[in-house]
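You will see chain A twice below: alongside chain B first, and alongside chain C after that.
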Partner chain A sequence: MTADTANAPRQPHEGHDIPGDSGVWFFIIADMCAFAVFFLVFMAGRAQAPQVYETSRTMLDLRFGLANTLILLTSGAFMAQAAREAQKAQWQRARLMMIATLVTGLPFGVSKAMEWQAKLAHGVGLTTNEFFTYYFIFTGVHFLHFVIGIVVLLVLIGMAEKPGVAEDKRLRWIESGGAYWHMVDLLWIVLFAMLYLMRAA
Partner chain B sequence: MTGTDKPLMPVWVIWFALVGASVAGFVLAEGFGTAHAAASAAVLLAAVKIHLIFGQYMEVRWRHQPLRTLLAAWLAVVSLILLGGYWLA
Partner chain C sequence: MMTVTQETTIPDTRYWRFCAWMGPLFVAVFYVCWGLLGHNFPPFPPETPAAEVAGWFRENANGVRLGMVIAMTFAPAYGVWGYALAKVLERSMGVGSDNLIVQLARLGAAWTTITILVPTSFWLTAAFRPETLPDWMIEMLYDMAWLLIDLAYAVTSVQLFALGIGFLADKRSKPLIPKWLAWYGIWVGFMFVLECVMPYFRNGAFARSGILNFWIEFIIWMAWVPVLTIYAIKATGRIERGE
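Right after this comes the complex of A and B.
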């Protein structure tokens, strides 16, 4: 590949114009719809007992929420760069960017564990009230998605430069993994706003 | 070049915008401004961030119209759920 072609503007890939695999996108859309139902259930509960939800919200540490957001945004930026490198067939750089995605994303797990531990140490758990039931379930389900994302990243890092894998296939895998990782990121953005930031009058 | 096939913005420019919006939401939640304005702004900032991620990081902005429509509809519905639920309380 010449320098010119390596730096050429990206074009939709021949044969498909969805970034990544359509099956993965089907899963992503379905998952996002499931989370939309979560958000609806939470906001309906909040409308019934706004004071309980507000009192509980103030018991959350906003700094953890912000830190988790910044961690995922930074990790997501590296993943976006990995996909761009892959589109230019710069597989080594794509792999490095995915390693950076993993390294900058892992602290989310540590931060989340610390936050849950702090809550449990103060006697706040799943059964404390409705707010915290939703808080632990939603952040727990989101955390499960994060763990799956970590496994996906490890697989992608392993195959990014593996010989014998067709470039088009490799690109689709990286774009699919990237789309999944960005979904983990954007679902957290909604959770952060809904659980931590929406203060009542 | 049409409006839908413009080159993507540099990843780190988007990252700065996302971080700025996140910090702004945090500052608002910490007590700046009235509660209703702060909560509404937090949801709108989240919507802007997600729109940026869809378009610039997931790169659906210039591809596959049905997928773009679906994601835009999801974002609109979720924003409505959050804002509607908040203002109806």
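Right after this comes the complex of A and C.
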């Protein structure tokens, strides 16, 4: 992209009018389908034993759930801004926004570790009951997605201003990374509502 | 540093299609022989009493023997398929056969063959002389085989990730293997991580017979093989035309 076209609206990639890489979107949709199955399994289990689920739900610390939601929403807002800057070919600003995404997102890992630690310290673990099985596994799988997201962010921060990387490639991968980061964000919001907020009985 | 770019010569593709068809053949044979004859599709849930599992093995010993012998005979078909895909991968990436990603794709397929052969021999052992084995021992062999075949997931993930990453490196405007399929393989590799919690559960979605750790995990892998084969065979035609 030349200086003249730097502020022009971005062109669709590969003939598709979707941000980022179409293959990454396939991955995201497949992953969200897997989480949809997780949610259905959870709801089916909850319908069988509403009292166990409700008692267990009240044992979760809402403050951690809320803090994690705010952390990821803030981080997601910076990522959205990074993608907008990349679309305007403002690579330095895009890089700074991604650093802000990383810095504001990292506390999610700390908060999650503290929450799990508190649960384990109280003798609540993976096999305590069905609710906590789902709680640890779903939040654990989500955490794995978060870690992958952090690695992706580090790669994108390294790539954002690299002269050797073509600008359309930079934009495609920043948008793809952004879409992935928003998926992490979105999945957490659903997990938060399902595990912490929804009354079962 | 020397980098190999897009190959321009037409390779000898004589056996590529034959070897590629070994993948769907493996899936079909494995489903019938290991899955249906061996009572593994779906498996006995872990909470099934040992006497029930042992009783079934005693009654159906000949069927299990036949199933496992054929499953073991056809296990290398998975490796043969993996090698055929690695040839397509070389052309897709425009690299030689000594490329690290190509080698990992081959290695993952070859290792997967071993992780199919070994547990299959445990099920066969349970059916070899079930009349003299105590119930708990047959149950143990059945459990041991399932723990190995499920927890060896990472070996197959090596193949899934290598093929996925390699196919994504295709510089063609229309890649030999579509991007969505490359990403699908990577996603399957990640999904396999759920098997890590399988040893903790004797019932429910994460048990070896559960909706997530059996039905979804096995079906997404078994579907990947024939779909990728069809695209690999199409890609072979394109490679022969010098695309």
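By definition in this document, the second predicted complex is superposed on the first by the 184 of 201 C-alpha atoms of A that agree within 3 Å, B and C clash if a C-alpha of one lies under 4 Å from a C-alpha of the other, contacts with A are read in each partner's own complex, and residues count from 1 in each chain.
Throughout what follows, a residue touches a chain if its C-beta (ideal position, glycine included) is under 8 Å from a C-beta of that chain, and two chains touch if they have at least 3 such contacts.
Quick caveat, the model's predicted, so the values are computed rather than measured.
One more residue to check, A:Ala193. First (chain B), second (chain C), both or neither?
Touch partner of A:Ala193: chain B, not chain C.
Just chain B (first), just chain C (second), both, or neither: which does A:Thr101 touch?
neither
Identify which of chain B and chain C touches the larger number of residues of chain A.
B
Of the two partner chains, chain B (first) and chain C (second), which one does A:Val24 touch, if any: first, second, both, or neither?
Second partner only.
Check whether A:Thr127 is in contact with chain B, with chain C, with both or with neither, and answer first, second, both or neither.
Touch status of A:Thr127: second partner only.
Should A:Ala34 be classified as contacting the first partner (chain B), the second (chain C), both, or neither?
Once the two structures are laid over each other on A, A:Ala34 reaches chain C alone.
Is A:Ile137 touching the first partner chain B, the second partner chain C, both, or neither of them?
Second partner only, chain C.
If you stack the two complexes on chain A, which partner ends up touching A:Asn68: first (chain B), second (chain C), both, or neither?
Touch partners of A:Asn68: none, neither chain B nor chain C.
Intersection of chain A residues contacting chain B with those contacting chain C?
none
Quick one: which bits of chain B touch chain A in the complex? Just the residue numbers, please.
Against chain A, the touching part of chain B is residues 7-8, 11-12, 14-15, 18-19, 22-23, 25-26, 28-30, 34-36, 38-39, 42-43, 45-46, 49-50, 53-54, 56-60, 62-64, 67, 70-71, 74, 77-78, 81-82, 84-86, 88-89.
Could you list, by residue number, the parts of chain A that touch chain B in their complex?
Contact set of chain A toward chain B: 9-10, 12, 17-19, 25, 29, 32-33, 36, 39-40, 42-44, 46-47, 50, 62, 65-66, 69-70, 73-74, 76-77, 79-81, 83-84, 175, 178-179, 182, 185-186, 189-190, 192-194, 196-201.
What residues on chain A touch chain C, complex-wise?
Against chain C, chain A makes touches at 21-24, 26-27, 30-31, 34, 37-38, 41, 45, 126-127, 130, 133, 137, 141, 144.
Using the touch definition from the top, list the residues of chain C that touch chain A in their complex.
On the chain C side, the touching residues are 168, 178-180, 182-184, 186-187, 190-191, 193-194, 197, 200-201, 204-206, 211-212, 216.
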